[in-house]
């Protein structure tokens, strides 16, 4: 069973939706990035804006997949949950779900990699991020 | 070897890029949707705006995966190519690549399903779209 | 002096920012629309998603101006405030500010008009919205 | 009478539109930024991506107003036109219109200012940009 390490709520807004009245899928990926941001800052205690700004550490996606299971409409409240499925030296595998009372709306598998924003090359996680990720991963297991 | 059925160019713009100076990945999915739109209208001869507007036929994604292989920067010209990998009665599997002179930047696998925009339920492709998809698929093989 | 009728906080996110490291201005307008949404639902007690969804009442902008006074960076917390500057039978003038500790970042003047989403023509505010707007406007003065 | 210095076409896409079936106004501002980009690169011969990337010259908006005159729907083709209304040492006033066969959809007044992306402070236009802007402005008058 998936052990979630972070959770937040997000309202489906007018601007997320398309002429079909449902979420335009690129907007789900904007939500996904915001979820990871909030997890870093609030959950892991590593300020995301500091990390990608002054510290020049990147966290780009190298692989991402999404299963769109049910439509989401304007006004829906999504419960967004995140779990670690793999923790490497410089890469991080995540399982994410956006849920609503009728069940899962979308599930994602995402692989992020830690990079230098000077070179865009992979590098090991900085020590504080590594420690926070290990702690989250241990608590999970 | 992949047999492409449609191709277009897209410039990576300022607004596609993030503070790291590279494409923010949700923008790649906006590009992907625009590519499918242009393929329908220009390649298949089935006007996408008519289809999703007055004809009330939806084409939502049910599954989508992306491999981010190289970064893209503002000013890069992407060659976006699309191939059919599976054609069902109401579903369509696509392989897509965004390429640049240094190689593939992102590749996608996408499964679209034909729906009614009244019910958001799957339905067979309308006859004109089905015929155009079969013709594209035959030419490809 | 401006008398604010609604206020909320919003974090400037990675996805709001451009390669210059500051908010890409179209994102400010996404924030603005979300602010108006929250004001309707939370402040006025008229559910925005219900209004623009099932009730088919539109609230498009007819005029909008923005003064960009200071740059906003990723990680900044914006205090977003909204005041009514004119209340007509079917139109609504708003003054909005996005503030931070160093002062105002952006100010907006926006005129919204109430429309039917069937015809996109102007129509008087529905009774519940009109009453809520009048109450907010009175409290303000 | 307005003397246009640049013009391009843009298709209103599915992803530009909201549940009301019309352009969500923040998307108009994304189009506006892309128009200015294309004008710089194609019209003025000053590569926008080079300017804001390696050359570290910013062109942020300091003031922007928009009049939304007619709705735009998915599939509409917009003719986007741009004129210079004021050329200063470091600031540039533009008049922009997005037109369709039924008339003007949106008109904008925009003031851009030339900045250093190191300091975000105003600076005079670089020589090549200044020369290109003066030439465009003369041709116009």
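Just so it is clear, A, B, C and D label the chains in written order, and each chain counts residues from 1 on its own.
Just so it is clear, a contact is a pair of C-beta atoms (placed from the backbone, for glycine too) under 8 Å apart; a residue touches a chain by one contact, two chains touch by 3 or more.
These figures come from a predicted structure and were not determined experimentally.
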{"item": "Selected interface, C-D versus A-C, where C-beta contact pairs are more numerous", "value": "C-D"}
{"item": "Chain of greatest Cα-centre distance to chain D", "value": "A"}
{"item": "Whole-Å gap separating chain C and chain D, where each centre is the average of the chain's CA atoms", "value": "24"}
{"item": "Between chain C and chain B, distance of the C-alpha-averaged centres to the nearest whole Å", "value": "34"}
{"item": "For chain A paired with chain C, centre-to-centre distance based on mean C-alpha positions, whole Å", "value": "28"}
{"item": "Interface hub residues of chain D, defined as touching at least two other chains", "value": "14-15, 19, 21, 24, 26, 30, 33, 52-53, 74"}
{"item": "Contact footprint of chain D on chain B as seen in their complex", "value": "12-15, 21, 30, 33-34, 37, 47-50, 52-53, 73-75"}
{"item": "Chain B - residues contacting chain C, complex", "value": "14-15, 17-19, 21, 24, 26, 74"}
{"item": "Residue ranges of chain C touching chain D (in the complex, touch as defined)", "value": "19-20, 22, 24-27, 29-30, 33, 52-53, 58, 60-68, 71, 117, 120"}
